[in-house]
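Heads up, the next two complexes both have subunit A, just with different partners, subunit B and then subunit C.
Our next item is the complex of A and B:
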């Protein structure tokens, strides 16, 4: 019974939001097992889908303490090694302030406040442009 | 409130209970997050370095001044050099080494007592009016 419940919570859905762009919403508690699971499933998905940009949305995480931040940094490093770029989005004001006070530098990790900004950035990285159809007609 | 730290999932329990306690006192979302993160660091240190221990969450009300106090206590190996442990990036494992100094920065008050072979007791406070 307990096992079953854990298995359900442990699901880390990864969405292909566009050709070559993956979205991984991270929520709840990230312990060492979960961090490892997320890393593994994401790396597999990168290979499977040949994705180039990964968006890690952390808006729903319970806390970003130094151990969780360390997991996130490692995940972004691993994606780089696979030849993909990683954007962390969902940095709420609370998360931003906590990270600064804690003294965590996300260094050269690409970060974005909202998922919308991250997606826009991802399109740019893929040399894609979203245009309004009626504008396209005029242009 | 008292939470025993025995397994890793107990850290999540601490985070959740501290969030609730902080919100009931009237701390805003950012402050709730900050206090919960500090508590998470201390709970995790207990789990990693002492294997087991206790977290106490207490409401503070001193002359009408409200706040939240968290005590992390263990009978683990203790810290040989507390001064060093409070420095940024000092870690005896391969983690970031900012748990203790970071917690000190996140909170208004921070007190640590540790004795090798006896254990560690850390006391942190956040005041609502600060």
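Our next item is the complex of A and C:
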């Protein structure tokens, strides 16, 4: 059981979901070591892929307290310094409640409840539009 | 330094000591004022180290440029520099960074 947990924590997959859009799902527990690892691999990936928008999906994060929020803020600050924008998705009602009652402000970081909304937003930021092919033919 | 389409493109090739940053600052401001430029794009990809103090100087430069009525964007900050600035510096830099020179020229015009 312990081994399984460790294996999960070590992986920081970053997906290129679209040209210029990265998806970074974060799972498990975020401590400072992990936060830093995630940040570093993400920055490298931004340079490699020349991505403009990064979606940080925190749906799988066990708990969000002030320390975790701090890591998230740092990651978004770092993306800004690379010339990219960051959207945090996967904010559950419980997390929203915790953040506000703890008095934690995510600053001007853009947040969305679901990955779907974040992706839509990312498309908008990239001036892209998804249309149904049927409609495209008619229109 | 070269000017294209009313934008001053500054490429920093080596390490910036404080005096050099201030010298550069003066040169940029003179140029912006003299030519009535609308934007300044600073490419820092040649810099191996940017400490919080240098960043502060660069941030101040953008404030000065803004007072002259022009916008500033940075590009080419290395990932390891970003990581160390964020992790150790705990900075809140109020600068506009773009992904590459092309995007910078697009945004500033």
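Just so it is clear, the second predicted complex is superposed on the first by the 131 of 139 C-alpha atoms of A that agree within 3 Å, B and C clash if a C-alpha of one lies under 4 Å from a C-alpha of the other, contacts with A are read in each partner's own complex, and residues count from 1 in each chain.
Throughout what follows, a residue touches a chain if its C-beta (ideal position, glycine included) is under 8 Å from a C-beta of that chain, and two chains touch if they have at least 3 such contacts.
What you are looking at is a predicted structure, and each value in this text was computed from that prediction instead of being measured.
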Combined model on subunit A where subunit B meets subunit C, clash or fit: fit
Vertex subunit A, arms to subunit B and subunit C (CA centres, degrees, nearest 10): 110
Contacts of A:82 with subunit B and subunit C, given as first, second, both or neither: second
Closest approach of subunit C to subunit B (Cα atoms, Å): 8
Sites on subunit B touched by subunit A in the complex: 8-9, 11-12, 15-16, 19, 29-30, 32-34, 36-37, 40-41, 44, 88, 95-96, 98-99, 101-102, 105-106
Contact set on subunit A toward subunit C in their complex: 36, 39-40, 43-44, 46-47, 50-52, 74, 77-78, 80-84
Complex contacts: residues of subunit C adjacent to subunit A: 74-75, 77, 79-80, 82-83, 85-87, 91-93, 95, 97-100, 103
Footprint of subunit B on subunit A - complex, ascending: 29, 31-33, 62-67, 69-70, 93-95, 97-98, 101-104
